[in-house]
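Two complexes follow with chain A in common, the first pairing it with chain B and the second with chain C.
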Partner chain A sequence: MLFDQAVDIPEIFKSERVSVTLIEGKARYNLRVKAADVTAFKKSTGLKLPSKIGSSSLSKVVSCLKLGPDEWLVIANSTQQKKLDKVFEKASKDFICSITDISHRNIGFEVSGELAAKLINVGCPLDLSLTAFPVGKVTRTIFESAQIMLLRTGEDSFHVECWRSFAPYLRDYFKRVMTTRY
Partner chain B sequence: MFEIHCPYCNEKRAEIEFSYAGEAHIVRPNAKQQPVMSDEDWSRYMFIRDNIRGEHAERWWHNAGCNMFFNAIRNTVTDKFVMTYKMGSPRRTAKQIDVARETNTADKAKT
Partner chain C sequence: MSAFRKAGRGIVDSAKAINFTFDGKTYQGFEGDTVASALLASGNHLMGRSFKYHRPRGVLGAGSEEPNALIAIDRGTGRVTPNVRATTQEIYEGLNAESQNRSPNLKFDMGAFNNAFSIFFPAGFYNKTFLWPKSFWDKVYEPFIRNMAGLGPAPTADDPDVYASSYGHCETLIIGGGPAGLAAALAAAKSGEPVILVDENPQLGGSLLTTPTIEINGKPARDWIAKSLKILSKAENVTLMTRTTATGYYHDNFVALVERITHHVPNAKIGKVREELHRIRAKRVILAQGAIERPLVFNGNDRPGVMLASAAQAYLGQYGVAVGNEAVVFTSHDTAYQAAFDLADANIRIAAIIDVRDEVQNDLTEGATQRGIKIIRSAVISKTFGTLRIKACEIYEPETGIKTKIRCDALLMSGGWTPSLHLWSHSKGGIKWDADIAAYLPDVANENAVCVGACNGDFGIAAALSAGHKAGQKTGGGRKVYKTNEADFGTGVVNNGLPNYIDTAKQKAFVDFQNDVTEKDIKLAVLEGFKSIEHVKRYTTNGMATDQGKTSNLNALEIASKAVGKPIEKVGLTTFRPPYTPTTFGALTGYRDAELFDPTRKTSIDPWAEANGAVFEPVAHWRRAWYFPKAGEDMHAAVSRECKATRDSLGIFDASTLGKIEVVGPDAAKFMNLMYTNPWSALPVGGCRYGLMCREDGYIYDDGVVGRMAEDRFHVTTTTGGAPRVYRHMEDYLQTEFPHLDVWLTSTTEQWATIAINGPNARKLIEPFVEGIDLSPEAFPHMKLREGKICGVPTRLFRVSFTGELGFEINVPSHYGRALWETLMEAGKQYEICPYGTETMHVLRAEKGFIIVGQDTDGTVTAHDAGMSWAVSKKKKDFVGKRSLARTDLTANGRKHLVGLLTEDPNIVLEEGAQIVTDPNQPIPMDMLGHVTSSYWSEPLGRSIAMAMVRDGFNRMDETLHVPMPNMAHKVKVVKPVFYDPKGEKLNVV
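Let's turn to the complex of A and B:
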């Protein structure tokens, strides 16, 4: 069981111009791999690990996001979890690396609609114009006082990921903004 | 809100994503030196800092970003960042700092 249930998203979060939904059923892994091993690691695991910080390889099944010089976040459908567990178990024997299952640590929100960027900008100082933050760009950043991971999945949609314990705070913050502004 | 250039992300990011992490270029004594060091030497390594007024080499941590430490030259009087550079690269010379300062001013004049 995943812990997405820790945050129940009630009625709210659906206005004409922006909506927030919970992203359920995801497995997540944090990878730390040495630069020298990356090519071999990619071959061994079959993952498409992007090489530039802030870039990502998105797919419906497994997405790889590069957060730091040697750090990746892998987000996959939970149906892939058993398969990935096996792949990573083998990789952890072959490489000096760190692979952590953080499926239960994080909670994902999908923010979409024409006002999505504006809603995020209420608590986050990044420039979210399409030129500065194009589709597929990912970064860890701050939303008010909570650390989040922000990924642009489409022109008008974002994936916001935060620690489980921050999720009620984020949800209430979104709720407050949406009920007072939109 | 002012912005700091992160040498790893290679972009300017908001200051709230960063944490200050003390003076830079303080080398930890190696295993050979450690057993023969006096308490005074240790305390100098652990606690004694230059506390410079002016351009100061210091470490910063992009903890809500790429999670890397890097070095920066910051003026402790004006709080202006002159330059940032990757961890592990040598201390910047006065000349390099001068050049960086001039480029900053030139860039600012352009915009």
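Let's turn to the complex of A and C:
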């Protein structure tokens, strides 16, 4: 069936100094685990769940981002979805936890290039210098009127996630900035 | 060269001539000129008309403090900027400037009759005069006053330019790029941490630009600036921002900077950024805003040609412009002597220096003597002459009574200096009165901020440089001494009323030039009983113009303090508020216009609705399809058709916006029991239940169908608008009241696209596409849910109905929503499938008497009031709102109840919100029993229906009541609010 991710990304987003692309083909899970179960949960599932809020374990296959005291966002390649579904089904039985598929709830953008941080700072009030927001740091924050999740994947690249219906707003905002500025 | 341009003076580029127009006439200036400096170079001092009296005005200052020379810059349709200060607007080729507040032209202004009658316009004139008749205020007085009062007209066309905004961070933010700011930046740069230096002018250097003869450590100041800028530009951690005004200083070192990007660019393109609002969070702020010279308050001090001494010095030093051929200097402060000397050295005749003091320092008298300048001590100027430009002034020596008239074409005044405390005050920094300099100075800081240079009372260049250097260093490093050739900054005296032989009432001694407030007005305000400076300010409007009283506040304070008979520090200072200088609406709006104003949330099915002619309505942040009119249909016709089609055969509805929350964990049922009034423990897996949620006060807060996916997992739905608050409400209770429960909440509103299929053919439509679910009524009865696949994708299929018809709600992962919708639309053709919108949904549910939270309830309705006692568990020990439901007022008789109403005339559709009464013949106010909450035309019933909250409604069944409407009162019968299929047989068609 037709798979409609709410936004298209026009040509304008491929500029030399900053580009925005849609992150496609991802499975996402909201994961909540009771503190006492975390160690065993990690061992059982093989997931590298970071322990510090705002930190992440990044890999090309499965990334785990810690967003709250007992909350992780797991983003995996959709090729991993069936496997992960099984792993999580078992974990749900073995541990006190909550695992919810939110693959379609979120839309991901990759913002990269030397002006990536500047583009995000148009609407996000956080300090995105490498010292204050190093590679691997993740947080929920805002981009003007949209709640976003912001992850730094490289010195000049970010992964921005928002709820599906906010994606056109973000896309339009980025577009306005790029057409009037860069 | 223009007549008043001095060769070899100034830093404008005389090789680059620039043409511009002012009031239609072409002028020439040089690159680096402002409109004011270029006009002055041509000998043109008249630049505006005053606010109230329409008096001719020239420039008072040379910078952003300018109160008089306000002009409009016209760049074409929608691109007219009124109230621009001529002293800060850089000229560019083709610039088109216009004067304001004059008719028909600047030289001959009809409005100037106000001036002739100014004796009749004292402070508070409008408040006193235009009281009666009251009806005249809106239509006659106010429009007239607004028209006469003088700022430029607001533009009417849309502004096509783009305004940007962004956030930034730094370790040190330095505001002001004069000697103190530059020294601070040089020192701060060495830390390697991010430094931002901002200045409102096009060039950094501040006062050093206007005093070109100054040498720092033996080298010309310009060389020092150039060297400093070279170092700062090279430093990677330093950002230099010119043409950027720090407009406001907010909590925790959050500072707003407005950068004017193309205000100086000819033919600036539409579609590119014109201004940018930088929202900066700084670890520490260094304020190096300098000081503003204070005018002297004397009779006739506002004629074109009368200006601040420092302004004349700046026009010469920075722009190479002589403000006249023959100037008189009037001062109470030593610094005016340096200005006089600078002008004299450029061969401008200084007719005399009039000093209010009886003693003048020797070096100044010597300097004057060397230049052949006469000093008249203990004297004042009592009068000025000239209409569109000063021609002469009268010197008055009070001790002897001697009056001397001398010719002049410029009058330079200095009443001392006022340190700029604006941003410091925004940050709630404390201030203290300093009697020596007769001004307020910064006291205790409220933020991590410090003032350096003249704004801290560190007057003089060497002092400013040292203070800047000290503040710039992160940890108290060494002191740095700078050697300069500047003259001693000197001192001055306080002036709280200059002597004059003319009666005060007949003088025109201006305090606030922009709002036309005179000394007399302030004295009158005090006389009339206004003792607080805040009241004096509001009564006289002193300091309330767009210049925020930069040149007037202190003078007003001194006059008021003398009139009140209290020392200045007891009178207080008025509050400074952002913005520091007038800020465009564009800068405040930034990118956030049109589609960026606020997100419009759309479902995955929305593009189909748009393509198929839906009319939309906003529901919270969402836009939802309201109805789908066919050609020639109005809303009523479309909704009637949609209702009928759904009841007769098949309707399809996009319910994706319904809030969804996944409640998961071993204690999920316990949590649900606490959050909803209904019981959940016994609900089996695969079962659905209507859930009703109360607040702590027992009133209905939200509702929705909840499905139990597993022992430890619930799929909760909420109203569209209620989704965020229900989630917050649940999370709040979970974290604060029930933290012992092992349960978690995840918002899944946008994970699922939800399509509601209703009507007798609902099952037939979906059956061919569903895998793994037995849809037979026996296997899948009403209020059950099943998981399986539809069109090959996973679905959570609910058999529920908000219409009374056989109904299914199909949830699929969002990205498949549109494809599934289109598939079902195609397959539904055989059943004449009808897409319907929210209006039809509302009608269909009203026919069944289902409530809409927020329409039939208003935050004061309990479950019992709504006729839904059945939804409240009597067995549960606790749930949010339970204790409140036992309150005597909530159990008392005579509360309003939700009932149905049928009009006697079936064609009358009652107005929602209409009152309900027992006797329409009672005198107004009648005894009101309640109001209509929902009211529609019901196509299947062929008549109108309504729901209403009526006092004691359950006990009034079959009673006749009345609903007064604009033309007449209508008879209605009270009925149960179920109008259609009361037995619910339609739910179970096979």
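Worth a mention:
Going forward, the second predicted complex is superposed on the first by the 178 of 182 C-alpha atoms of A that agree within 3 Å, B and C clash if a C-alpha of one lies under 4 Å from a C-alpha of the other, contacts with A are read in each partner's own complex, and residues count from 1 in each chain.
Following the convention adopted for this analysis, a contact is a pair of C-beta atoms (placed from the backbone, for glycine too) under 8 Å apart; a residue touches a chain by one contact, two chains touch by 3 or more.
Note that the coordinates shown come from a computational prediction; the quantities given were computed from them, not determined experimentally.
Once the two complexes are overlaid on the shared chain, A:I142 sits against chain B while remaining clear of chain C.
In the superposition on chain A, contact is made by A:H104 with chain C only, not with chain B. Once the two complexes are overlaid on the shared chain, A:P69 sits against chain B while remaining clear of chain C. Partner contacting the larger number of chain A residues, of chain B and chain C: C. By the touch criterion defined above, A:P125 lies against chain B and chain C together after alignment on the C-alpha atoms of chain A.
Touch criterion met: A:K34 reaches chain C, while chain B stays clear of it.
In the superposition on chain A, A:G54 makes contact with chain B only, while chain C stays out of contact range. Looking at chain A, you'll find residues 125-126 touch chain B in one structure and chain C in the other. Taken in their complex, chain C has these residues touching chain A: 162, 164-169, 194, 271-273, 279, 281, 591-592, 595-596, 598-604, 607, 621-622, 662, 664-666, 742-744, 746-752, 791-793, 813-820, 822-823. Against chain C, in their complex, chain A makes its touches with residues 1-6, 30, 32, 34, 70, 96-106, 118, 121-127, 129, 132, 144-146, 163-166, 168-169, 172-173, 176-177, 179-181. Residues 1, 8-11, 13-14, 16-17, 64-68 of chain B are the ones touching chain A in the complex.
Contacts from chain A toward chain B in the complex involve residues 53-54, 67-69, 71, 125-126, 139-142, 147.
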